[in-house]
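First comes the structure, then the notes that go with it.
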Amino acid sequence: MMPIGHYLILSLALLLIGAAGVITRRNVIIVLMSIELILNAVNINLVAFSRYYGDVAGQVFALFIIADAAAEAAVGLGIMIAFFRNRETVLADEMDLLKW
Amino acid sequence: MTNTLHDRTLPKADTILGADELVINMGPQHPSTHGVLRVKLKLDGERVIGSECVIGYLHRGVEKIAENRSYQQFAPYVDRMDYVSAVSNGLGYCEAVEKLLMAEAPPRARVIRTILTELQRIASHLLWLGTHALDIGALTPLFYCMREREEILKIFEKYCGARLTTHAFRIGGLQYEAYDTLEKDVERFCKSFEARIQEYSDLLTSNSIWIGRTRNVGLLNAADCIALGASGPVLRASGVKWDLRKATPYAAYDQYKFEIPVGTNGDTYDRYLVRIEEMRQSRLICLQAIENIPAGPIMARVGKVLKPPPGEVYHAIEGPKGILGYYIVSDGGTQPYRVRIRPPSFINLQALDKMIRGHLVTDVVAIIGTLDIVLGEVDR
Amino acid sequence: MLDSIVFYFFASIAVISAMLMITRRNAIHSAVFLITTLLSTAGIFLQLRAEFLFIAQIILYVGGIMVLFIFVIMLVRLDVPLPQIRSPLRQRIAVFVAVIVFAEAAYIVWKAHAMQGQGILIPTAAPADKLPPNTEDLARSLFGMYLLPFEIASVLLLVAMIGAVVMAKKRTNTP
Amino acid sequence: MLQGALAFVQAWWVELLCAVLIVLVVPLIAGYIVLVERKVMADMQARLGPMRVGPHGLLQPIADALKLLIKEDLIPDDADKFIFWFAPVLSMTAALTSMGAVAFGPWFQVARDINIGLLFVVGISALGPFGIVLGGWASNNHYSIIGAIRSTAQLISYETTAGFALVSGFLLAGTLKVSGIVQAQLTDQVWYVFLAPVGFFTYLIASIAETNRAPFDLPEAESELVAGYMTEYSGFRWSLYFLAEYANMIVVGAVGTTLFLGGWLRPFPNVQWMGWVDALPGVLLGAVGVYCVVRAGKQPAQVQALFMWAVAAACFAVALIFALAAPVGNAPLKFMYAGLYGAFWFLLKVSAYIYIFMWLRFTLPRFRFDQLMRLGWHILIPLALVNVVGVGIGLAIQSALGWNHWMGLLAMLPTTLGTIVVGMLLIRWNDKHAAAASAPIATDGTRVEDSYAG
């Protein structure tokens, strides 16, 4: 078995790529996908530690995170569709009103 | 394809989910537009919000051709309009010219004409049933229908040598005497057909998927039918009891007893039931007709060169698809001055837009099928 | 040996396609690369003997969430490439910061490994054949100790579902 | 490095062999399923079907495959080339990979000790829709994209049903492991189709929908959408989609067989006097071999005769293993026998399962999309949920009363009946609303005034 550091660095790389995506992209859908990537990176950490400590709790939390990601995607896309219907755009920096 | 998907400006958000209107081109190369019909559909998602028929891909100028042919020479051309019910087309044309000549076919000819025309009606309805079922996704009825249709075509072949574009009748009567076993063949067919038609009913009539696909689909009420000039099973399924065989009897129909089936709802399912019942009635007519075929000549005396007196005539018959009318103007010469044909498919097709609005794309296929159009007749 | 081959295989695919994911202009391409990332992450879960999570990742993330994404992209026709940020400054800053943070954190991990045994705990994996059957183990934990969070998660999903339906539904005047 | 590879092969040769077998044989089997389908269809439609290539068209699949392989590979100009290329491969890969955990026989399985077993099969085959949806999108064609969207919605909906139906089976087996499920049916002395008939039934319907087969074949409904998501595909790529569809049929058949029909076990595995059934596979294969030998001489072409000889040889080889395993009884032979014997029964059951697919396809008209969704969400999902509860209650009764084996049937009876009653109610309730659903809807969301509806 490899040292756990490998997993941590992989997870870190994915997390930062996701974060960079959130910051740089204007398309809300891709921003949402980047958030999914971040959550996924966290999952790698949890599962790796769960394996190395021999405690299944980490995997339970990873499951919760997947559930959370599903909820987030559903709500996020719902908001996006509602927004798209009103403004006909999916660019994040055009979401500049509190109410429309 | 009016526009591609990938490069378009962002659409107006006036449809479900903010998706834009989709214009889809159904046909002329589409498996279920029954030939070369082209329908431009405006869709909201999968729901039709507008449509436009584009026809003429099979236009051959049949009416114009008539002006350059003698009356007899034009007779085979009408077979090629509604090529799946050539016999009926021929009957209408021959009777129209006879009317113009003020001649009448002898009784024997009229009875044989009736038998063949009713067989043709069954054949046409069978082809409709098979393809309609195929459109709705039932694969098997097509082959059963073709099997029965084949028997009818064999009778035609024995009678006149042709199967599809038969040119079975001549102006003034028949060219050929009935062959020896005609009655027997027709009787055998009619005897077996009752059980066969029950088979289709077993497969479709009470099938809940079939009912689900056809009930309340393509509604057309009686008033709309009449306003649009729809005729045939389409009209009768809406509850209007109008059949030229009863209303203005021609050939030998006044001698036979039969019912005119009518629907109540005017939906696709009713049209299906009406046509199935019409096949049964046609079978009864055939059975009655072969009981007693009068003896006598088969051709009236009309002369070799037809020169009808100047004048005009309109004669309509109840074709398998609806009222098939011929309007012929004669200037006293050997060729018609003008022939105008009222094709049932063309006029029934007008109802398409009204019927498909608000339905799904899937239903469009079912509705085109239920109209029972033949593009050769629509475009002429 | 086999373990590390598998790990590096999946890890490299995950990182490369994640990078492609955030750089593609076409949203569908991004989604495809995200799917690739998620699948390789699933492979890493499998390599970590988390079989149930592997399949949960595939069924829920890839088969559920990503299908939803692609569905929405298709429905609202986002396949049109959108204009990117006008000035690439923000992009450069983001990349710069990400690289810095990555370097720092990676250095910490590396240092920690080097200092192992000096008060810093680096866990070592239990042998694979000693592990209890993963699905059973997970189920006992999930429906035993974590039953309440589990129920709360289900309520969360319900709320999210209702919220999504309410928001995405077309508002019409007729009920 | 080379030694490492050798050691790897030595340790895993059975699994590797199975994997190679699956990749090589499944496309062939899929081709022959197509032939059988055409033959069954022809029989039901009063005609003969393929008769030209080989005796009774037996070589038709090979001719078809050759034709498809040498066809021009067209990619539309406006298509997204990368995804267009990638999508059918994805579909096919998902279908074949998911077979990795299917147990064709006692050892005849790639991922033998995978903990999640059947869930692996179901999960990986859930990747198939991506191939469809991406292919449809990449074609840049309205028909393709509508087909793709339909198929996605359909697959998501029916996967839920299939999942719940499988849960009822998992409850009975108490494990996800494929071999464990089959063992459980051996010890319970009953196939789970008898304990959870509603579960099997819902899975059957859901699996037809999942594989896009008639009457649920809307994504590729040829009379409406030309060929749906496959409209722009031709040649080899098209055949990949096609193979994926048939491979998926095998997969769902395998899952249904494993969970509800006793997997690789022969009928009545615990009944001693039924032992003669064991001889059946050998005799049957021998008969097929003899038939091939007889017909080989009558082939018009050399290639066809050679093929017939090859089939005969294969049949005789397997029949020989069946015949020799009992008397000779050395370990490798016994091992091969167990695998092949299991595979015979397994494939027989899968074939029966697929036959139902074909039968329905040639009998029923196609659903409309909203009807399909209605069936899925209003009838099947509630029914599958009720069934899970019912099976749970039945199991509780069973363990409370201490009944086991076939006595479990008695415990399951009341809950099964209850579930069926619920199903009837659901259908009746649905029928009430179904007719109205067909009526046209105006674009502003209101129903079109229908002055004439009776």
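Which chain is which? They are A, B, C and D, in the order written, and residues in each are numbered from 1.
We take it that contacts are C-beta pairs under 8 Å (C-beta built on N, C-alpha and C of every residue); 3 or more make two chains touch, one makes a residue touch a chain.
Everything numeric in this text was worked out from a predicted model, so none of it was measured.
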Chain at maximum distance from chain D, centres defined as averaged CA atoms: B
B-D or A-C, whichever has more C-beta pairs in contact: A-C
Distance between the centres, which are taken as Cα means, of chain D and chain A, whole angstrom: 35
Separation of chain B from chain D, taking each centre as the mean of its C-alpha atoms, in whole Å: 43
Separation of mean Cα positions, chain C and chain B [Å, integer]: 61
Rounded Å distance between chain A and chain C, as computed from the means of their C-alpha atoms: 6
Overlap residues in chain D, where contacts from two or more other chains coincide: 80, 145
Shared-contact residues (touching 2 or more other chains) in chain A: 81, 84-85
Residues of chain B touching at least two other chains: 5-6, 10-11, 17-18
Chain D residues within the chain B interface of the complex: 41, 44-47, 78, 80, 140-143, 145-146, 214-215, 217-218, 221-226, 361-371, 431, 434-436, 438-443, 448, 450-454
Chain D-facing residues of chain B, complex: 1, 4-6, 15, 22, 24-25, 30-32, 44, 46-47, 49, 133-140, 142-144, 147, 203-204, 207-210, 212-213, 215-217, 219, 221-222, 238, 264-266, 357-365
Complex contact set, residues of chain C against chain A: 3-4, 7, 11, 14-15, 18-19, 21-22, 27, 30-31, 34, 37-38, 41, 44-45, 48-50, 52-53, 56-57, 60-61, 64-65, 68-69, 72-73, 75-76, 78, 82-85, 90-91, 94-95, 98, 101-102, 105-106, 109-110, 112-113, 122-126, 131, 134, 137-138, 141-142, 145-146, 149-150, 153, 156-157, 159-161, 163-168, 170
Complex contacts: residues of chain A adjacent to chain C: 1-10, 12-14, 16-21, 23-27, 29-30, 32-34, 36-37, 40, 43-44, 47-54, 56-57, 59-60, 62-64, 66-75, 77-82, 84-85, 90-91
Chain C - residues contacting chain D, complex: 1-2, 26, 28-29, 32, 35, 51-52, 54-55, 58-59, 62-64, 66-67, 70-71, 74-75, 79, 133-135, 170, 172, 174
